[in-house]
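Letters A, B, C and D name the chains as they come in the text, with residue numbers starting at 1 for each one.
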Amino acid sequence: MTSPIAPDLPATGRVPARPRAGVWRRLVKRPLALIGLGIVAVVVAGAILAPWLTGYDPNEQMFDGLTLEGAPLPPNASFWLGTDLLGRDLLTRILFGARTSLIIGIVANGVALLIGTLVGVTAGYFRGWIGGALMRFTDLMMAFPALLLAICLAAVLQPSLWIVAMVIALVNWVQTARVIYTETSSLAEREFIDAERTIGASASRILFRHILPHLLPTIIVWGTLGISTTVLLEATLSYLGIGVQPPTASWGNIIFENQTYFQAAPWLVFFPGAAILALALAFNLIGDALRDILDPTQRGRA
Amino acid sequence: MSKGAGNKRTGVFAPAVSVTAGPVLEVSGLTVSVRGEDGEREVVSNLSLTLARGETLCIAGESGSGKSMTALAIMQLLPQPAARIESGTIRLRARDQDDTDRGHIDLAGLDERRMRRIRGDRIAMIFQEPMTSLNPVLSIGRQLVESIEAHTGLSRAEARRRAIEALKAVRIPEAESRLKQFPHELSGGMRQRVMIAMALALKPDVLIADEPTTALDVTVQGEVLELLRDLQREHGTSVILITHDMGVVAEMADRVVIMRHGRMVEEGTAADIFARPQADYTRELLAAVPRIGTGVGRQKSAEQKSVEAEMPGSVAVVNDLHVHFDLRGGFFGQVNRRVHAVEGISFSIAPHETLALVGESGCGKSTTAKALAGLVPYHGDIVIGGRNLAGLGRDQRKAVRRDVQMIFQDPYASLDPRMRVGDLVAEPLLIHGIASKEERSQLVAGLFERVGLSADQMELYPHEFSGGQRQRICIARALALRPKLIIADESVSALDVSVQARVLDLLKELQREFGIAYLFISHDMAVVENISDRVAVMYLGQIVEMGTRDQVFSNPRHPYTKRLIEAVPVPDPAKRRPRFARLDQEIPSPTRKIGEQPPKLALKDLGNGHLVAVS
Amino acid sequence: EDAVDPNAKPGGAITITYKDDVATLDPAIGYDWQNWSMIKSLFDGLMDYEPGTTNLRPDLAESYEIAPDGKTFTFKLRQGVKFHNGREMTADDVKYSLDRVTNPKTQSPGAGFFGSIKGHEDVAAGKAESLAGVTVVDPYTIKFELTRPDATFLHVMAINFSHVVPKEEVEKYGADFGKHPVGTGAFKFAEWTLGQRVVFERNPDYWHKGLPYLDKVSFEIGQEPIVALLRLQKGEIDIPGDGIPPAKFQEVMADPEQKARVVEGGQLHTGYITMNTTMAPFDNVKVRQAVNMAINKDRVVQLINNRAVPANQPLPPSMPGYDKEFKGYPYDVAKAKALLAEAGHPDGFDTQLFSMNTDPNPRIAQAIQQDLAAIGIKASVQSLAQANVIAAGGDKAGAPMIWSGGMAWIADFPDPSNFYGPILGCAGAVPGGWNWSWYCNKDLDAKAAEADSIVDPAKSGERAKMWSAIYRKIMEDAPWAPVFNEQRFTMKSPRMGGADNLYVDPVHIPINYDNVYVTDVQ
Amino acid sequence: MIAYLGRRVIQSLLILLGVSLITFALLYLLPADPVQQIAGRSATPETVENIRRQLGLDQPFFIQYWHYLTSLLSGDLGRSYIQRSEVTELIISRLPASLLLMVGAILCELAIGLTMGLLAAVRRGTATDQTLMVASFVGVSAPQFVVGLLLLYVFAVRLGWFPIGGYGTWRHLVLPSLTMGILGAGWYARMMRSSMIDVLRQDYMRTARAKGLARGAIIFRHALPNAILPVIAMIGIDIGIFMGGIVVVESVFGWPGIGQLAWQAIQRVDIPIIMGVTLVSAFAIVLGNLLADTVAPFIDPRIKLR
């Protein structure tokens, strides 16, 4: 071949025609990852199909859902997971609550992770004033009481799911940014980054193609742990009035509303808690498997 | 090393100088396989070898032939989870106290706890990658002392003394204060010497040295080899020496094993192998060995000269280059000392020219290279293709950078471990927008073939290659852009001689075809003689002698140059030297207090551009 | 004077817990659930109530006289009453205390109660330092002149804000007097570890011989109600000041031993929904009436474990003026729908229901929400922190509906007027005010003033009737939907003694410290 | 080092200034009116206006902020609207308890989290690893209120090993620290496992094994210091996270810390207290980060203070 600029020095070689096994194909070969994917699928399906899965309305306060003294019912034949303090079916509420909690745990948490990673990577790689300014801004955000911001927003804005998602994204990126920053600044010192510079790689290429993949384990850890914390944080924010408002259910607010009753009516805390745990664990299983798959030195591990 | 240091050892091991019958180590039928993306692959097949007490066995052979894997298998340190021993036994002769009645221990089946007692104490190993083998957060003193403490009952102070001795033995300057330093504060060669000191400190029965001197300059290499011999003489240590350098093989080996494709192709005494090689591969290998003094003179063809005439001026001009590193110390961490890594050097490289930069470890060769590649801040002028690097904008600098490519000293550290090597080699093309996707992969496949790798390996990751193979990947990457200047920092030192010869030929060929200039950094004087047009000898950050190859090699004028040339081992067992010359003066250090300037050497022209420092 | 309980043994100490901090013990400032009755034990006013009842009686005053025009009150002070610092209390102290509480610099939330005293306006405006209408006749006589007849004046003389403080101590501690209170009360202040504990000691010089029984009362602060109950069950404390937490109520009532220690009583409390009468569609009385008929009050009461009784009028049953005959609006969904249709909203409308965010208020709001939905009103619940709800209510365009739970605290004093002025009268219908229905009926304001001018105690029955009529009229206009009157459930440790009504004292909440005792002292 | 610290201190002061300005502005914009809270239900409009004037809340924003800032510089945090006492005094009386809890919680979570992470990394892929993973997620997902009450119920009410809430001796400290620590421990365990796995496959770990060192020495001397670096950075961050959790834990255990103070102040728009607590916690966070950054080079000599 004779491209004028191309180095036509080496005889063009025979290119091996071997397809790369896709990440997805390797993922589904792992039993643990499969379990994780299964749980996520069940939760998503439950959220989407919620109206058809149980015979109840999530917000209907049923007369037979409470004892005469006003106590909720434990799990029984007609209410599989029991009822809540207003006599509503807990299973139905958990299914509908999945919609809110998935948006928070995945979208809001994801956006926070994204912002945190971008800020951390940029600040860690560009030393000069950009990095300094970004990190000082991060420090400011970290030192600033997020709850206060939430309360003020609550008072100013119309409460809605998307606002609480935005607030969570807004306050949760900070920690990620700092951790990613620390790691990026040590990665930036590695020799292979020098090597990339000498071939003229642009900063964005170095950041996204060479530094980011090395941050994956950290991102996975923060991302999966973030699911639980954001889902619970949503409840706090909703309590302060900036999130979903009653009677809309979310896993976090089911727990939050009922946590003082955990002795009198443990099912009200246990089931939504288990749902959060399962979701976070599922993502962790997937994340762990991904981490192994994307880490070439771990190939060969079953 | 002080004599009799071994007697102080409180362990039960009393050095028996007489060679008792029977091998110390016996490997039979060893097969090692690694699991890759597509199934298992044997990298060592049915290998058998024996090692007698006090013997030096050299393993040489093609890069990637499984030499390191064999060594790691003996240590039970194969990379996890990919590699495993498929079959075979590795038998180490037992000492009295070992709880076995058969007189030997099979390492292949040993549990980790008992293996631990053997590692370091009975079998020590020096690893191939010096940059990454030391723990970055522990001082080298700590790392030395702990291994001594782990296997002897010595007190901390005693162990420390022993550690200092070991450092002195590998000729680390200011050994005592070095104990407090951390690995990243040492040059590549120094780190390698620390590794050697660590292995030697315990005087093991068997020492496995995987390319122990690759990163060292010839003078230090000589000392290290001498040290190995001392150890052998005094303690009857058996040594497995893995090396590409046939000169080292000739100097050291009692017996030689030649490997290729995971199999042993030939075994014999050193004299036999060199004199009467049986296998074709061995013959090929020996033929490829560069020999000093026999380097074919490179007559410049008329054609080349005309190209030069067409392109007047130099590819790169370096004028009064200084690179300093500030060291912080004291309680408040203020700058109190400064490493004068490069102290005012000037040279120029013309198109079609190869300038070799030689000098001992730590003299500033890599630093010079990095300054040229724009990776460290410097003072002075660097002019590339007529443009001074200082005062260039970003885009211009990117354009200039395309013309200068660098092959790093440590191939592993300079490859992104998470990228496939095919993508890594294609990356420069991609960045500079050369060729379409399919064309690119064809080009890369072609590059792979040119450096002696198969196109199939494009799909693998850096860690799946042997040291030499990685080096070739780096070379392929640097060639991809067809730059005007390639800086090659110890680029062929990790290659076996046959591949080395092929790569050197390739480099020369490219130079002929495209007029690429090289800044070739090496301490292998034979290779330097083979490839270079001009040679610059560096010492403590300054150039002490510079001239054409012939001027420097046939008429070395500076004492340091002379010593370098003398120290080169000759690849002929018959010409083996009884002892390497020891340096008697302290090894100088480029580190000085703030404000203290190193003396500036003036260069005198002896005629025809042969410059020599006069002090 | 109260009789001394023959069964009571003096001595002993009790512990009471609270969740929230005790802010200040300055009687001119303290206005919290926690410090209200603590102040009552440290300080005294001219008037007080018989323990466990709402019956007024003189306290620091020995007797009083009301001029026939109802505008002059003369109090004769008890002699020999001493402040905790040993000095005798005189009429000068009473005057000083009232001058102080009305002075804007004091920033007293209670200054408004004294609006009927002559000269109040000048003091409030900062033009005078002293109330012109308060005169010290002699050290044991004090005379009040009012600008209008005020039937509530004797009650005002019983609330904390008019309690007597010694000038020298106030000046000594300045703004920190609230942390070093000195009064004439049954207990004297002993110790305050900020955020942890407040301790009172028996005042040996208390003018009422034989009282108090207890040597020491400790208040532990910052205790979660659930944990407080656990501690009570373990016998570590005597009274959980915040009551039995809803989460534990059933558990307690299911256990006969614990149930026996629960004292139930009424309290001066009404839970109601306000509807903003200036905001469409609640500016239409039919809509407001429809809301009144739509609420299933029994269900709401069931939700809070039957700890309340359904309400049909603003006044709680134990308040004078409560109209037993009045039936209010029945729970009638069909009729409510019809009313809505008449008002032009056959398909209902969208609105917002504000509520405070502490349990059980969001739950109650949701129950109301469901009831409203049944007649087509789609109310979105805004469950917010107290401060935000109060702010929304005080803004004319802020909140269409508010559920009052958690914020409309018990009456300041047991008089029907107390439920009118700030929360239903025109005076409260101002920005930042507490009349969240923005209901302003000038007629009723006049009627209220008329009722309050009936000062003669003999005519109190007549006055109560007048108030009943006022509240009846209010219910016709239906700015509120009264939902329930909360019952009080106080729980005590087994060793606590004293009449049950001391534990549900309508004025001393949670208990009357001065008159209870412990049974396990030797 | 001195220059570095000096620069960082100045930066920290600027951060604190920024925090104070933003907080003050947010509180100013807050539609809840503190005066309405102070004045109470029976206040007349004149009373409300009087109080507003007394507190200087009728002034324009920047004047108010300027007054706040100038008195702040003389160490005066103002006087609480609701509690009516010096904010400085209130905070000082509660700060020791919060600091103690923080120290206890950090110790707990480090002890639990690092052990779990270390064990999981070393036993990677085994049942131990899986169990620890689930445990760490339970710790992170469990609401602190429930965890606290559960611990209280089991260890204080049932077993009687610890007091039922309160403050004073070390026995009072155990359960609250544990409650806070369990959440953090989950994070630390995951972080630790992740970075430990990374470190375990470095070349220098092979060197350490080749020297025949004992397993303990390999893990604790060679792997741990390398793996702990990201964890150190985490401790700085943690202080911020604490400020969120401290409210719940302090209230469950009746712990007289600034969390409870802050919560009550927020409920009632007690601006001077909110400002004071915000500044104190911002100061703690800034200090924590500074400390983490300063300590890092002592653990990893490659890191230079910048």
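Everything below uses one rule, namely that contacts are C-beta pairs under 8 Å (C-beta built on N, C-alpha and C of every residue); 3 or more make two chains touch, one makes a residue touch a chain.
Treat the numbers as computed from the prediction; the structure is a model and nothing was measured.
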Subject >> Central subunit by CA centre of mass proxy >> reply: D
**OP:** Between B-D and A-B, name the chain pair that shares the greater number of C-beta pairs in contact.
**Re:** A-B
Subject >> Centroid spacing, where centroids are CA-atom means, of chain B and chain D in whole angstrom >> reply: 50
Original post:
Where the centres are mean C-alpha positions, what is the separation of chain A from chain C, in Å?
Top reply: 48
Original post:
Taking each chain's centre as the mean position of its Cα atoms, how many Å separate chain A from chain D?
Top reply: 22
Subject >> Multi-partner residues of chain D (each touching 2 or more other chains) >> reply: 31-32, 149, 153, 201, 266, 300, 302
Original post:
Using the touch rule from the top of the page, what residues of chain A touch 2 or more other chains?
Top reply: 151, 155, 260, 263, 297, 301
**OP:** Any chance you could list the residues of chain C touching two or more other chains?
**Re:** 226, 385, 388, 391
**OP:** Would you pull the chain B residues touching chain D in the complex into a rising list?
**Re:** 75, 77, 80, 112, 116-121, 124-125, 127, 129, 132-138, 146-147, 150-151, 182, 184, 195, 198, 328, 331-334
**OP:** Within their complex, state which residues of chain A touch chain D.
**Re:** 127, 136, 139-140, 142-149, 151-152, 155-156, 174-175, 178-179, 182-183, 185-186, 189, 217-218, 220-221, 224-225, 228-229, 232, 255-256, 259-260, 262-263, 269, 273, 276-277, 280-281, 284, 297, 301
Original post:
Which positions of chain A touch chain B when the two form their complex?
Top reply: 1, 3, 5-7, 9-16, 18, 20-21, 190-192, 194-202, 205, 209-210, 213-214, 294-301
Subject >> chain A-facing residues of chain D, complex >> reply: 11, 14-16, 18-19, 22-23, 26-27, 29-32, 125, 133-134, 137-138, 140-143, 145-146, 149-150, 153, 186-187, 190-191, 194-195, 197-198, 201, 229-230, 233-234, 236-237, 240-241, 243-244, 266, 274, 278, 281-283, 285-286, 289, 296, 300, 302-303, 306
**OP:** Using the touch rule from the top, collect the residues of chain C that touch chain D in their complex.
**Re:** 17, 19-21, 23-24, 26, 29, 31, 104-105, 107-113, 115, 124-126, 175-176, 178-179, 193-196, 220-224, 226-227, 230-231, 233-234, 236, 385-388, 390-392, 394-395, 409, 412, 421-423, 427, 430, 432-434
